Amino acid sequence: MDEILLSCSNVSKSYGGVAAVRAVGLELRAGEILGLIGPNGAGKTTLVDVITGQQTADTGVIRIGTVSLTGPPSRRARLAGFARTFQHPQLALDMTVRENILIGAVPDRFSSPWRVLASAFSGAARPATPEIDDRITDLAAELNISALDRMCADLTLGEQRLVEVARALLRGPTVLLLDEPFAGGDPRGVEGMIHALTRIVERGCGVLVVDHNVDIVASLVDRLVLMDQGQVVFDGLPTAAMASQEMRTVYFGSGT
Amino acid sequence: MPVQLWVSVVELGCFAGLIALGFFLVLRGADVFMFALGPLAMFGAMFGAFQVSRNGWPLPIAALIGVAIAVALSGLTELLIVRPIHRRTGGQENPSIVAIVAILFALEQLAGTLFGRTPLPGTPFWSAQFRWGEAVISGQSIVLVAVTVLAFAGVALWLRRSANGRMLRAVGDNEHAARTLGVPVDRIRLIAFCLAGLLAGVAGSLFAAKAGVSFTSGLQWTLVGFLAVIVGGLGNVWAPLVGAVLVATLQTWSVFEFGHAMRDYLTFAVAFLFFAFRPKGIFQTKVRI
Amino acid sequence: MTTRTTPVAARGTSPLARHRWAVEAVAAAVFALALVAYGSGASFRQDYVVLICTYSLLALGMYIPYIMSGSLSLAYNAYLGIGAYACGLISTRAGWSSLWGVPIGIVLSAAIAVVLGLATRRLTGFYLAGVTLLFAVAFQVFLLDRVSLTGGPVGMPVRRPHAFGYTFTRYDIMIGAVVLVWIVGLLLSRLRQSPFGVVVRLRKDVPQVVESSGISSGTIGVVSLAVGAAIGSVGGSLFGMMGGVAQPESFGLHIIFLAIFMPLLGGQRSPWGAVIGAVLVVVFTFELHILSDAGTLFFAIAILLVLRFAPLGLLGLGTPLLRLLTRLRMGRTPGGEGS
């Protein structure tokens, strides 16, 4: 399987005077896990934001298949089948883990104003959703998330990341973008995530993983992209990336 | 529009400008729209008018204490309500708004209970009348204009020259960053609130002489100042004054031309149009992290 | 797979979870009966009960957009007013039963809420609050000014509603109002727990998540406003039918302030908090004669105290108690989910 799901060409984004992403080209194929690494401030998060529409690109095109992707994040997520996590976990802290995950299962019920209204009425008539609850329970077991009825405020950073990943997975995404999913996680959680990722990749999902933990990323991914100062400086097999001159230059100063 | 109405425009513009300058300071220093400034102005003015008309106090003393009360209440608002809520909610916007609206409401009710629910007349500081062409200009309007110009020039100077003034901007832009840089955020916020209270108190006691003051005036005053900030923007210190004069012109003209109802329709329409077509001026002061 | 059967089983056996709605419905019904009993006395008490119900519907109308979704769109006096004036106009001008004003008011106020919501969709926080307050002022001025349509400052009469040849008495209206609040409260409580409620509540804290899940945050906001406006409008209709008149002074900005504070006073975690807040407002402002006209002041001070010291409201004071109870229960149930 090497159908191209997502492609970026010549994408740039600056914040005021800061050029966060500069003329980046990137491709993600079906069934592929792509690692994106780079030092702090390299522009990784900005690139993810520009792809999903949290930020708008100054230049460049993002395509899903052959269709160019524009508009607000919700539209892009629907068209492209995106699901993502955030570097700073975005969870409603005074809601339960189950409630935070649940939104991943229901976007179809909110795809037009009329459907939103209809789901308000049907929600008042029948609030319980046992079939979704079961899916959440299964997913939580796979990811080693223990108590689903805890408040998110009581979770560690690692657990919060797991909840975000569960929410994204529940969506059944075509393209999954993870921003530092392993940071602050315990080994059991990381193990659960990796297990889940390999599973969805088998059914043809494309995954983009941003993380600073180069060891985990390099052992997990099929291809590794290295970013520095807004630009892609290396794109290739993880083994080649780890041995490359660019890797040394970026992480250890002038590579000699 | 008759010349006399232009005098009204200037009076209303100066008054709204002072309130808007108070908004400006708190927005800059605490990133909060201090909706309670109108009621603070009302409260100070009601206090002054009540003591003068019911208890026969001399005007300067009554007005001075009224202004002092406005300053104190504004500072207490920050210390006792806004700051603790801001801390508890990690800087979320809505709880602060609700708290400020609650203060607005409480001040109205307190004034109504203490000073009565009927309008009180204000007393001018300088009751001389001057003829100028067809227009009559009261001494009170001259005082109002002079105080407004002084206030704006003073705030502009303070922001540029004093250490506190320069730090004010940093705090409003990014409180977290300012705190890490060692800026005394709490003190700066308190100063912003107190200064705003001072401006509101002065504005209220000067403007009350024009049309009197009642416990419901506060909200109207807040909304006029709000509109002045929306129109003027937060680009520089004088922006609220420019906005205020534009708003005063529009309101006075529409009342003259079409009557009172049209003034309120236009007020809403203008706020709305500015949000639709010039929101940048308002939102750009916010930096997202 | 054994790990996952345990929580499912636990959910099935939890008696509180299974009977939750029944318990809530019965508790609310007891409360409703108490209100009716109170209102069965002197005639003015019926007015109080309907006022409580009107305020409850107002606060319940704000519950979805304001408490759940975090939107400070505040033009609720307009929705209430539309409900009352629709009943007045349909009964005096068209000569129909004023009951027809209820659906007309619902549709009209929901439509206005949608337009206002779309027009202000880029605003949040202070700016949204300010501009919708300006709209609220403009609406009240409109009621005062368009004498030919609204009757101006004196307002317009609202005829007693009738259906199938029966004209409803004030007592009937009171019963209807209490039942309505009971139904709307229960429905909203269920709605809050449903996927719709979860999405709306997530929108308040993490709008980015709603968007990145493929759900338009703006649409959710507008629909919430429309539903809220519709509920508020029903409250206005009730108020008009009970008082027999629709007047501008009933739909001023003060009711917006009351409405913002009612759920905070009662508690935000449940729509019943809004109802409790409405009861307190009416008790503070009308029933406690010792306070005379300082009642509203006491209410305002109570709000400040609650905001500062009891952010979860009066119902929230019960939460620590509930948590204790749940802990005790969970200690005994094997396979409880709190592990």
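Labels A, B and C are assigned to the chains in the order they are written; within every chain, residues are numbered from 1.
We adopt the following convention: contacts are C-beta pairs under 8 Å (C-beta built on N, C-alpha and C of every residue); 3 or more make two chains touch, one makes a residue touch a chain.
Bear in mind that the values here come from a model prediction, so they are computed numbers and not experimental data.
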By the document's touch definition, which label belongs to this structure's chain graph: line, ring, star, complete, or other? line
Quick check on this structure: which chain has its C-alpha centroid closest to the centroid of all protein C-alpha atoms? C
Approximate Å spacing (C-alpha centroids) for the pair chain B, chain C: 33
Indicate the whole-number Å distance between the mean C-alpha point of chain A and the mean C-alpha point of chain B. 47
Chain A and chain C have mean C-alpha positions lying a whole-number Å distance apart equal to 39
Residues of chain C touching chain A in their complex? 1, 3-4, 7-8, 11, 187-188, 190-199, 201-202, 204-206, 208-217, 219-220, 222-223, 226-227, 337-339
In the complex formed with chain C, which residues of chain B make contact? 32-33, 35, 80-81, 84-85, 88, 93-95, 97-99, 101-106, 108-110, 112-113, 117, 219, 223, 226-227, 230, 259-261, 264-265, 267-268, 271-272, 275-276, 279, 282
Spell out the residues on chain A that touch chain C in their complex, using ranges where they run on. 52-54, 72-75, 77-78, 82-84, 86, 90-95, 99-100, 102-107, 109-113, 116-117, 119-120, 122-129, 132-134, 137-138, 140-141, 146-150, 167, 171
Okay, in this complex, where on chain C does chain B touch? 70, 72, 119-120, 122-127, 129-131, 133-135, 137-138, 141-142, 144-146, 253, 257, 260-261, 264, 293-294, 296-297, 299-301, 303-304, 307-308, 311
